[in-house]
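Here the chain labels run A, B, C and D in written order, and each chain numbers its own residues starting at 1.
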Amino acid sequence: MTTSYAYLGPRGTFTEAALLSMPESKNATLLAAESVNSALTMVREGHVLGALVPIENSVEGAVPTTLDELGHGETLEIVAEVAIPVEFALLVRPGTQISDIKRIATHPHASAQCLEWLRENLPGVNVIPAMSTASAAQGLSEGAPYEGAIASAVAAGHYGLDIVQDGIGDNDAAWTRFVLVRKPGFAKPSSGNDKTTVSLFMFENHPGALLEILTEFTVRGIDLTRIESRPTKKQLGDYFFSIDFEGHVDDERVGEALKGLHRICADVKFLGSYPRHASSDAVVKPAVTDRAFQDADEWLRSIRTRTN
Amino acid sequence: MTTSYAYLGPRGTFTEAALLSMPESKNATLLAAESVNSALTMVREGHVLGALVPIENSVEGAVPTTLDELGHGETLEIVAEVAIPVEFALLVRPGTQISDIKRIATHPHASAQCLEWLRENLPGVNVIPAMSTASAAQGLSEGAPYEGAIASAVAAGHYGLDIVQDGIGDNDAAWTRFVLVRKPGFAKPSSGNDKTTVSLFMFENHPGALLEILTEFTVRGIDLTRIESRPTKKQLGDYFFSIDFEGHVDDERVGEALKGLHRICADVKFLGSYPRHASSDAVVKPAVTDRAFQDADEWLRSIRTRTN
Amino acid sequence: MTTSYAYLGPRGTFTEAALLSMPESKNATLLAAESVNSALTMVREGHVLGALVPIENSVEGAVPTTLDELGHGETLEIVAEVAIPVEFALLVRPGTQISDIKRIATHPHASAQCLEWLRENLPGVNVIPAMSTASAAQGLSEGAPYEGAIASAVAAGHYGLDIVQDGIGDNDAAWTRFVLVRKPGFAKPSSGNDKTTVSLFMFENHPGALLEILTEFTVRGIDLTRIESRPTKKQLGDYFFSIDFEGHVDDERVGEALKGLHRICADVKFLGSYPRHASSDAVVKPAVTDRAFQDADEWLRSIRTRTN
Amino acid sequence: MTTSYAYLGPRGTFTEAALLSMPESKNATLLAAESVNSALTMVREGHVLGALVPIENSVEGAVPTTLDELGHGETLEIVAEVAIPVEFALLVRPGTQISDIKRIATHPHASAQCLEWLRENLPGVNVIPAMSTASAAQGLSEGAPYEGAIASAVAAGHYGLDIVQDGIGDNDAAWTRFVLVRKPGFAKPSSGNDKTTVSLFMFENHPGALLEILTEFTVRGIDLTRIESRPTKKQLGDYFFSIDFEGHVDDERVGEALKGLHRICADVKFLGSYPRHASSDAVVKPAVTDRAFQDADEWLRSIRTRTN
């Protein structure tokens, strides 16, 4: 297998842009997958080393498919994350004037984020839904019956389109977070500023379960960065929890918390520990450093083995 | 305004089926809306009494758009919920044989749920994504370039299509939950078995915030039925919590919990209290009945006003 | 009834010294009681306005008798507290030389605190137990068969004794805390820096009861300053909790916490709210000020009464 | 050293009665000590194998001296506990008639528990305080100026006195709990129904410390059986916590809880694990058995060492 990675395609998606920003993509073959599912299958079947898929964005929140697909079938692990700002551009076929634009195609989430710009600059334009921003651009280049597409600026290059205007999103702070997943066995060691993703299944849908779970984290000084109750697909009202938290499986505090969860949950799916994509450094309280855990180990051993 | 309700269309969606199952739809005019956003706008602008929109399903989990749209703009309140089983049917134009089917259109979530049936019965069929199951059916009836559509059985009637086979979903327990939203002021009184939906915004992204929030519920004996951290769209890593819990705003225990949340949160968006769609009855612990709260009120008054 | 107060006697006890340090004792008749029980009985029967009794000291911890007696029989309330440093003096009959001292009488807790001084200055002296430091001094003055007494310096004056040396305690920071108890109806209003004392009885000795109790305080931002599980005298292993905490029954946060305790406990005995004897000022977090509670009340009222 | 044990004397105390009920006292020499402190010193200096001292009773609650003495000086460990019912008898010198009794000596706690019997049977009798019930009996036998003593029935035999009436206590359920302490190194192995005693010192007197401590226990399914905040003797308002809880230091759940406390406390004094004196069996929840901890260990090891 040559060094190759899959990503959620087609070419020109924000996922491709994110992958290009990662060191892993250097000198690697990048393959566009039709769906998150097919990207993950390419990893499971050994066609690629890993796959980059979106897991969360500031508009939609978590990406359910990714969370679910990671937990089903052969286990995969997240080994890296990356988050990139999402900026939208209005693309046209070369030669098109802005006054020619009557119809624009894009993904509904994208058009929802450009409402103000459209209202001011293209009042009355007809917005046509597409399956992705990149597929809208692709369609435009192939002669589909609309005059503009909202997509990433990079899509213009891929599909031979012109950028009428970049940065037309209403919200300057929009972003999407992606994860690179591989087969187990490729996790990086603890960097001191990591994140871990798990899925937690309860023995029954018992009240107070969530508080118990949270307490397992709190008592080891671990902060959650994302939590969602998600249907188990078994019956209405039956949930599991999808959770991201700070720390690495090799950190003592995380190890003890995971063991606590293992004891109280019906199942704990470990989906990987990976360096945190964040500017700020992690702050580990003195009581929960590896050193504090090791000191406590020694002390316990001393009181257990006291002899006269 | 005549008695009319909007729903997420087009005709033949599961949302329409859910609305038809509710007493509110009797003798009312039902209007298909293009999107959740436009359905809510119809309520806000007074064109309809209310709108039924999907809020959660057993495949995708929560429906982000609905959660977000409810919280933005003019406040709307959920006044009822309904959950229906989701069953998929394979639809064709009259006269089409199953052996004629080379391409099938449907919403990606629907095809994901019919994978096994397709593999066994239509190996090699080409699946084309559509914006909704109903729009796939509509397109089929209008001559779009595919031979089958996966949609609800009810869509067959709407669009003059034939049902090749019903119940082709892989998961018998699939369901979708919908909420009926109206302008504030139409909440039903506490039925003893209700649910309440809120959005909670923190003062800052401080560790332990979630535990504090949960404790406000726990201490009043209130169980959560759904929780999600969702990005605030302001910056990466900034979240609010979208929560459903048992009980009605008029219940004493809920009132006190909401007041507690109001004190510790930067903002609490109240999105409605409504009868719970569930077969099981609610169990309120003796310590948190309205009676227990009233007894406690009287007792406190007595010790505060003791005189010699 | 003239203005009179009882205290745990006999004359010369630290309790008397503490009472003399309080403004209430000015121009009042002070009566020595034989025991905590008889002091409280004098209040219950209307012979005195109130009684000062010890409740906790840095050597023995809480004074069980006082805690128990307050809770039984006709309810009394704590209306003030005072804490004084405890300093011990060696007293003799006039004319006695230190070399004449072979036997010293005192309360065992007092001798335990003067061990080092005795070892250095009176090695080999015989220590005779007495029921209180003051009764040791009284006995000495009445010719009991010992040559010295360890008591407060003020006892020397009461009983016509000489002080051989003051400040003979081993621990400079010893102190005792006393409470002034009265019939209900004389509590001072909230000062912003108060304490409240309660006894909490559980419905059963169930695990987790203590955590539930603590959570009622924590969720309203209230700190405990003392807690003790005490046997209910019913059977081995059956306990109630005696608790002091910061805040006044008239504070909103305390009222809501007390109501919460009333709902989850078999019985809550309220033993009084009173200004705190402490140099440091209370810090009430913004989320639990009276203002925060009132804002929350108004907000809840607004969402409960929304009309179209 | 012959097999010998010290106990809180003099002969005839309830402590002696408790020691006689223990298998350890069989064929052993039992030595009466003047005080808890001197009994413990006899152990520390190697004069006896161990000492039985009272730690808690249903009238006074905890015995502060014992708790404090255990924690200071050379460490001792509790290796056994025993609780006995406390029954009071009225003793007289042989030949004394009940009508001859004008004065009765006893410990104040004992007379407080016989108030009703005295009121009905000896109205107007004068009660004289003694340092212990046994010393009252001893004094009576030696001709002290009173006609009766309230003590244990066993004291009658020791001091050649007659029992006028046994069982004169007002409360049938009175009991006292005693602990046998030895030098470290003699703890019995985990029996599955044990108790552990610790003293916990905080880093500072910070609000929320108690909740943190309790959570360390709760998260490992451990119930407290006694808790007391006790002054550290350093300054007013500075406390440590004296705690008994279910389980043995060798149990996995207890080991992890102790390590957690070690991490968050300034100091944890371990005072021993010992078989529980109780009729009821311990119930350890499935999630916190040793087996559950070992399973969790193995699982964590497996996810930490996954290789491709």
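In this section, a residue touches a chain if its C-beta (ideal position, glycine included) is under 8 Å from a C-beta of that chain, and two chains touch if they have at least 3 such contacts.
Because the structure is a prediction, the values reported are computed rather than measured.
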- What are the chains that chain B and chain D both touch? A, C
- Task: Averaging only over C-alpha atoms, locate the centres of chain A and chain C and give their separation in whole Å.
- Result: 59
- Message: How many angstrom lie between the centres of chain A and chain D, each centre taken as the mean Cα position?
- Response: 58
- Item | Between chain B and chain A, distance of the C-alpha-averaged centres to the nearest whole Å | 24
- Multi-chain contact residues (two or more partners), chain C: 215, 218
- Go through the chains and record each pair that touches. A-B, A-D, B-C, C-D
- Tell me, which parts of chain C touch chain B in their complex? 77, 183-187, 215-216, 218-219, 249-250, 255-256, 258-260, 262-264, 268, 270, 287-288, 292-293, 295-297, 299-300, 303-304, 306-308
- Tell me, which parts of chain B touch chain A in their complex? 35, 37, 56-62, 64, 83, 108, 112, 129, 131, 171, 173-175, 177, 207-208, 210-211, 214-215, 218, 223-237, 239, 278
